[in-house]
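Two complexes follow with chain A in common, the first pairing it with chain B and the second with chain C.
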Partner chain A sequence: MDTNIANSNLKSEDYFINMGPQHPATHGVLRLLLTIDGEIIKKVEPDLGYIHRSIEKMCERDSYQQIVHLTDRMDYLSSHINNEAVCLTVENALQLEVPERVKFVRTIIGELTRIASHCLWWGVMGMDIGALTTYFYGFRDREMINDIFEETCGARLTMNYNIPGGLMFDIHPNFVKRTKDFVAHFKTKIPEYDKLLTGNVIFQKRMKGVGILSKEDAISFGASGPVARGSGYSCDVRKYHSYSALDKVTFNEALKTEGDSLARYEIRIQEMWESLSIIEQLIDNIPEGEHKVATNAVIKLPKGEFYQKVETARGELGVFINSTGTKNPYRLKFRSPGFSNLSLLNHIAVGGKIGDLVASMATLDLVIPDIDR
Partner chain B sequence: MSYFGDIYKGIKTLLAGMSVTGKVFLNNKNNTITQQYPDNRETLKMFDRFRGEVVMPHDENNEHSCTGCQKCEIACPNGSIEIIWDRQVDPETGKKKKMIDQHIYHLGMCTMCGLCIEACPTDAILWAQNYENSVYDRSALTKVLNQPGSKIMPGVED
Partner chain C sequence: MNITLSITTTIYKFLSEYMSEGAANIGAMVTIALIYLAIFAVAGLYLVLLERKVAAWFQLRIGPNRVGPWGLLQTMADALKLVSKELTGTVKADKFLYNLAPYFVIISSLMALAVFPFTQEFQAFDINIGIFFLIAISSIGVIGILLGGWASNNKFALIGAMRSGVQTISYELSVGLSLVTMVLLTGTLQLSEIIEVQKNGWLIIQGHFPAIIAFMIYMIAGTAETNRAPFDMVEAESELGAGFHTEYSGMKFAYFFLAEFINMFIIAAIAATIFFGGWLSPFGITESIPWLGIFWFLGKTFVLVFLMMWFRWTFPRLRVDQLLTLEWKYLLPLNLLNIVLMALIVWLGLTIQL
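After this line comes the complex of A and B, so read on.
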């Protein structure tokens, strides 16, 4: 009897499995069609559309003030930065100069949002690869930031604090104190994160050399944010196209050349330190002044095309507005960082195991509503 | 040798991680952020700016300050606010004036963006800090904000 099946004339087919849309490691309703050979991945096909809400089309219906609150629902973990992107685009189109106070507050809250997003990512990524404790620790520290947001903006996640022309209302009197408390608290927590997870030998073995992305591929796939910087591609929008009060601070762009999952992880830990330093440089110097400039009740943009990009916690978010001079945009397009970062998943996961796919997907830090919109 | 080296390194990082969790375990007084909801309902107070639901405050004479200008209805992105109004004779001046009949608020459709409250010129509507909004039927989420028989405060103009 011939026991060697591979050499026999039996017909063999690829094995398909569905990962998602309700899979805990996909962090949302992402469906991955996996073609596997044993446990080796031959192909990964992301299938989107499960949370499509046609936000871009809804923007064509809404006024420019109303668009802002829809962007909360895209990348909900960096909602303030999304709001800021739309407001900056509208303000640039109107050639409106916002007060210095607004710029400072926007940058501080933006950096707090980035830390909150990275905290959640750190917790969830630990959980993805089997370390449940990180989940609780990440959420514990994020809770302090959520309290700051709730006190100042009125909401914890979908803040809608920006309006074209400034901020909806002034910062809360406790804002500065709470932020300083948080910075002091969090400085003792990042070393704990390192001790608990980064140094762990199991974690190191799961992450090192997994999901390698070269610099050339990062550029050609259009990757941005920590994913691209983990491959050595310097692309921080805050550095190269500085906006709000970011030109008044000095910070280093976290950069690594390994391109594996561990590099992407370390970039985000490094970014938390940099965000803390940006907040520290700004928090004592918030200038006095108005929290908004008056705009018309009905904002009409001049005819033309306007583009503004910002750095969210996941990468480069671009807002493109095509205006015909009416009170609604003729066309509005978001360039979301998650979509480009997802497109390289097939490239980095092929040849690895299913467990490695989870690890590389966790370091891409995907937020599905951002990809689907 | 690297086999034993790996074991040593593994135990070392394991203990390093456990020292972190052990400290948190022993110091749990300082690290607790968990809310014992719903047991702490009496003491749980939301922040003043928290967006729970839109309300229309009335004074002791059952008077509100909504002029029926409909700015909130226009500002709302998803049609959560409907204002039914007509022109009634103002008893003081004897002239016909726009007055609200019903200020209807669909809490189930509201995204808590706060644009209506920004738009209101007379501060007739405000945020309430109520957060327990579950009901058995969604029709209970459609609310009429002005109380029955209420009228506009004298002297409020938009």
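After this line comes the complex of A and C, so read on.
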């Protein structure tokens, strides 16, 4: 009898499981079609479309002021930065110079948003690899930022604070003091994060050498933000295409060459420190002045194509507007960071275990409504 | 040699005055079983509450505090809810095995409780192969988990069950061998006699160096055997949703859940009995009041239970291959060396007798 299974007529089938759209690790409604061999991943196919709201199509219908409010609902964790991207595009098209005060406040709130987003990511990432306690520590600090936002703009998550031409209203009198308090508080808390998670042996074993992405692959997949910088690809929009008040500050771009999950993790921790330093440089120097410049009630952009990119907490967000000179854009396209970052999931997860897939997915920091607009 | 007067004997003697010998024997067993069932169903519920409170302390929260004073009735309410819930199941499940699985798990947990000496008097069955019985019984539970995962006809449950099989079979070796190390010191498998030996000092002191190693291995392997974090591969919620009990609802789920907590109690209770002298008070300070033994026994057990909860709420989860590497490449060889070391120490008479 032939005992060699490879030569026999026995048929084998791929073991196929459906991760999501309701699954704790996919943070929202991402569906992953996994082909596995025991514990080892053979193929990952992301399936999108569960939270598609045709935001780009809706933008063609709306006025430029209204478009700003839609962008909150894309990457809801960096809503302020999304708003800023659209406002900057419109202001550039109109060749509108906003007051210095607006630039400073936009940058400070943008960096606070980045810290808040990274706090949430840190908590949730810990939860994904089984350390449930991190979640509450991350949320404790994020809550302080949300309180600052609530006082100034009235909203905690979807902020709508930017309008084309400036800010909706001036900052709250407490804003400067509370921001300084937060910076002082958070400086003592990042070491606590390191103590709880970063130094843990199990954590290091789970993250080191897992989900490796080379610099070449990062570039060819169009990765951006902490994911690309973890692979040694220097791509910080804040450095290369500085906007708002970012040209007035000095900061280091966090860069690592390992390209594994641990590198992506450490990049984000380092970015929190850099954001704190940016805020510290700006907070005492907010110039006096108007909080907006007057624009027409109906904004009409000149005919042409306009593009502006900003660095959200997840990477490079691009806004492309094709205008025919009317009050609506003819076509508006968002280049979202999450979409290209998700596209490399199959590349980094194949060959790893199910646990590795979850760990690498956590370090990509996916926000599904950003990917699926 | 019968050192302790177990409660079964007490009840048997009481009953045998009124009925025949056989009837008294069965009557005594049933009475004991009912008492244990009642006590530990409630104790399990309060362990759940304790875990939720401990988790809350670790996580900057308050924890359950709405139902009853300090939330004391919260888990009672949860249990009532679970009892009243509909039992759902998958269409193509293997009905017989699917329904059988929870009972394997809960029965193996409850049976293990029978041999523990809570005090000198309060012990249901003082058999002379106590430790052997504990190891044997605790491995029945994994059959329930495997059956549950297989019969559910759910792919996530199947992966969970396979992981459980791999994990429990591996770590049982370490649990068994670390207990065997201590048996070298006592020369008996009977739990009451093991405690008698410890009147000259708890075994962790008597056996000093190898005993401490054995204790650490035992706690790691014990945590793994109860499928708790950082070894909760079986239900790894961010990977498998709920693992082997994905398709279970209502009371059947409650059996799995309760069994997990009773198992945690058992692992801690074994450690308290073998390493820390069970119901013996430190330095014999309450030796004259025998019933205080239960206080010492539960006190030691809860310190160890807290230790396991501490693990759970601090550590990330291991990956499945790292879990096996830890057992087969580190714990098992260390354990075998430790047995040799303990044998040498016993042979050369280097134990510490207080």
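Note that in this section the second predicted complex is superposed on the first by the 365 of 373 C-alpha atoms of A that agree within 3 Å, B and C clash if a C-alpha of one lies under 4 Å from a C-alpha of the other, contacts with A are read in each partner's own complex, and residues count from 1 in each chain.
Everything that follows uses one rule, which is that a contact is a pair of C-beta atoms (placed from the backbone, for glycine too) under 8 Å apart; a residue touches a chain by one contact, two chains touch by 3 or more.
Quick caveat: nothing in here was measured; it's all calculated off a predicted structure.
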{"item": "First (chain B), second (chain C), both or neither touched by A:D128", "value": "second"}
{"item": "Which of chain B and chain C A:T152 touches, first, second, both or neither", "value": "first"}
{"item": "Touching partner for A:R140 - first (chain B), second (chain C), both, neither", "value": "both"}
{"item": "Partner chain in contact with A:N200 - chain B first, chain C second, else both or neither", "value": "both"}
{"item": "Touching partner for A:E91 - first (chain B), second (chain C), both, neither", "value": "neither"}
{"item": "Which superposed partner A:V358 touches (first chain B, second chain C, both, neither)", "value": "second"}
{"item": "Shared chain A surface residues [contacts with chain B and with chain C]", "value": "133, 137, 140, 196-197, 200, 202"}
{"item": "Residue ranges of chain A in contact with chain C within the complex", "value": "15, 17, 23-25, 39, 126-133, 135-137, 140, 196-197, 200, 202-203, 205-206, 353-356, 358"}
{"item": "Parts of chain B lying in touch with chain A, wherever the complex brings them together", "value": "6, 9-10, 13-14, 16-17, 19-21, 24, 31, 33, 46-47, 49-51, 71, 75, 77, 111-115, 118-119, 127"}
{"item": "List of chain C residues in touch with chain A within their complex", "value": "55, 58-61, 155-156, 159, 229-230, 232, 236-241, 313-322"}
{"item": "Residues of chain A that touch chain B when the two form their complex", "value": "62, 65-66, 68-70, 133, 137, 140, 143-144, 147, 150-155, 158, 160, 163, 168-169, 172, 192, 195-197, 199-202, 297"}
